[in-house]
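Here it is, the structure, as structure tokens.
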Amino acid sequence: MQDDTRRGLLLVSPPAIYALLMLAAPMAAVLLFSFWSQDFLTIDRTFTTKNYVEAVSDPLYRALLIRSVAIALAVTVVTVALAYPVAYFVSFHVHPSRKSLWIFLITIPFWTSYLIRVFLWKVILGFNGVLNSSLLGLGVINEPLTFILYNQNAVVITLAHAFAPFAILPIFVALERIDRSLLEASQDLGESRFRTFLRVTLPLSVPGLVAAVLIVFIPTIGDYVTPRLVGGPNGLMIANMIQTQFLKLNNAPLGAALAVVAMASVTVISLLFIWLNRRNLRARR
Amino acid sequence: MKGGGLRLYALIYLLFLYAPIILLPLFAFNSSSIIAFPLQGFTTEWFAELTGVEALHGALKNSLFVAVITAVFSTCLGMFAARAGVMHQFPGKGPIMGLIMLPLVLPEVIVAVSLLVVAINVLGIGLSLWTIIAAHTLICMPFSIAILNSAFQNLDASLEEAAVDLGESRWSSFRLVTLPLVMPGIIASTLIAFTISLDEFIIAFFLTGGEPTLPVYIWSLLRFPQRVPVVMALGTLLVAVSILLLTIAEFYRRRGVRRSGQQDHGGFL
Amino acid sequence: MSGPIISLTGVTKHYGSFQALQPTDLDIQSGEFFSLLGPSGCGKTTLLRTIAGFETPSGGVVRIDGADMAGVPPNRRPTNLVFQSYAIFPHLSVAENVGFGLRRSTQSKAEKAAAVEEALGMVGLEGYGPRPTHAMSGGQRQRVALARALILKPKVLLLDEPLSALDKKLREQMQGELRRLQRQVGITFILVTHDQEEALIMSDRIAVMFEGQIAQLATPEALYRQPDTRQVADFIGVMNFLPAQFVDGSAEIAGLGRVDLPDNEDGSGVVGLRPETLQVLYDGADAPARIAEGDVVEVTYYGDMTYYDVRFDGADKPVTISMKNLAGRAVLERGARARVGWDPRALVVFRD
């Protein structure tokens, strides 16, 4: 074996072994677990698909799963749509020497206590909250808005806030990679600035968009704090049920099955999205 | 002005991003125990109350313990992975690096559930601060690698060879040349991993045994409306510490970029 | 006088199934300025790095000053390398860079400082010691890299395309300085380059490499005048190739006619002629050995020179002719007829 290869494998093995032991093996354990059953504290190790049957057929679980996927999709669309102009602005209209300052400012809120941020959204969106009292005070509305807390809108807003930098950064990186002379070439060939954006900038930023979509969509399904704090009874998501099964109802196998189903759903949707995107790109060529 | 509309939008967006952080200190210093406008009067009572809570001190100690060890582990493992990924070619590189970076996109609840099952049902070792550290190291590692990657990418591979050529051993070349050059990245990675671990709740809640971390403790407080102003005070302190650490991290990251004479492209990721 | 300073015997290198270096034998003498010349991917850098110890040969023996280098790491070899990127340590000052290799020596601080200053003087950077390296120009970085390698007084200095990153003027200046430096220190320099002109200018001997093996090893003049193969002839300078038939000790050359070439077996091949050995004839020129006629199909004016592409009557492809633009000499126009003088002594024969 080559020196370089051997050294590379040697170096990568500690983190790789760690990821295998702490991630791959545990996920395999969850998969295995989901085919067992639990009666209070004793685990029955006979193979059964009953958890999956329950996870898919019980209307409660099914409703939670569908809602979770719907909310995750909504969060993804809202987050990426709101983030794109910001990434575009920083990449194209901010002086190069100030770009890293902007990126730093955008990432700061992300690193501060998630729990407290979500709680403050509850304060902002509440019946007597910041938004309502401000709008009432300004005379914009006559009575407090009620459609913004303890429902799915609140969950979408809060998660769009939480995942903002995750959406902005990949798009920003993709935009930064675009050779600026391409834009001049397009305008030189007679396209307006807007058409140039549609025909050159947007297509070239697609890799960033895809990364942004995946990095927002997939983790969203696993959040139980936001639905619990701002979602109200109709805003709960599948992760809340997974948490309940594991920590309250002591039915870990069912929780594991729900986790597997949730993970499988987002994976399938993500792969579908990637596949559609690739096909679209190929059709263009 | 060019991009005027976009600039306005970007500023409003920043306001949206910062809204919770701006409100936090307002309520922390507000004398009313109800978290709502209008503000009542100025008080430091909630901060004073923080000092007397025994459970809080325990939680803080636990969190610091977890965050420090996580930061060290995650940075060490990240060094291995970043160096291997940037400076070497080996078979299966894509899948291996993919697996290591996977926690970046994985729903946190999946990580939490997996490790919970292993700790309780497979190994039967029960939960402790160490189970949290194991999980936090896993989710911080991709961030460490992302930061250290750029540190190693900025590094000319022939620098270490030059040191070897001039008579140093492999290890002393690493120590004399590579280590000082990636040190800013190491510091940034350590601080970021520390910050992530300190604030992480979703996984910690699953894996906490008898000793809660700070976010888990805060979660328990949020259920009692009369304790919420105290949480605001605590949150203000946490946010202040986070921003301070991040600013230091950013300072070192930029210094690293400058030191290697590269163009700054901004951002941690 | 002892044996060669560098001696390679049957050295090979492969990466998986890719053969980077065919079995290679090579002796390089002490005090020689030696060049490894070839296109990118020809194995010249692999050969250099094998001598330096950064690549372990897959087979064969590398000897430096008579000692087998198998298992000897780069840090224990009496060679030093100037990297293509210069590999200047960005966190160290100029003096710290130059003195890097002295860390392990037993000299006193003052002795080390003096050695650094001497090395800096050698490359014309006196007084630059305390400066940081990031503000330095490409040429200055190059000099720091040279001083850093020479301070250890290696038996062989290895240079991996050291001038490729410099602009044309600076490159020409550094070529002169490198030669002067080599004469001054008197050690062996081995230069890797893809620039044939650079190799011709600087070297005592040149090894031309293609596809992992040495195609020809010769002095610059021999390489230019008597290339062994068409590939070498094509790589070094400009060469006109004309198809030829060899019959009964003479050659029938397309467009040039018959010429006596004794000691040649019958068969087919090509002959080569350098552009400067051909001559467009003006009125009053000295009578050349042979004359051929053709049409001027392209004229390229360089200021000091004019290059003509002339298609000889009866030939398929034009040949290139270089002419000095002497005082009073008119430049021919495209489409003109040209009489061209040539000398059979300049012919290089390549048989199929």
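By written order: A, B and C. Residues from 1 in each chain.
Note that a contact is a pair of C-beta atoms (placed from the backbone, for glycine too) under 8 Å apart; a residue touches a chain by one contact, two chains touch by 3 or more.
Bear in mind that the values here come from a model prediction, so they are computed numbers and not experimental data.
Between the chains A-B lie more C-beta contact pairs than between any other two chains. Farthest from chain C, judged by the mean position of CA atoms in each chain, is A. Each chain gets a centre from the mean of its Cα atoms; for chain A and chain B, those two points are 18 Å apart. If each chain is reduced to the centroid of its CA atoms, chain A and chain C end up 58 Å from each other. If you check the complex, the residues on chain A that touch chain B are 4-5, 7-9, 11-16, 18-20, 22-27, 29-30, 33, 43, 82, 85-86, 88-90, 92-93, 99-109, 111-117, 119-121, 123-124, 126, 128-130, 133-134, 137, 161, 164, 169-170, 172-173, 176, 214-215, 218-225, 229, 239, 242-243, 246-247, 252, 255-256, 259, 262-263, 266.
Touching chain A in their complex are the following residues of chain B: 2-3, 6-7, 9-10, 13-14, 16-21, 23-24, 27, 35-38, 77-78, 80-81, 83-85, 87-91, 93, 96-97, 99-100, 102-111, 113-118, 120-122, 134-135, 137-138, 141, 145, 192, 195-196, 199-202, 205-206, 215, 218-219, 222, 228, 231-232, 235, 238-239, 242-243, 246, 250, 254, 264-269. Remark: chain C residues 52, 54, 73-76, 79-81, 83-85, 87, 89-91, 100-101, 103-104, 134, 148-149, 152 touch chain B in the complex. By the touch rule above, chain B contacts chain C in their complex via residues 156, 158-159, 161-169, 176-177, 180-181, 259-261.
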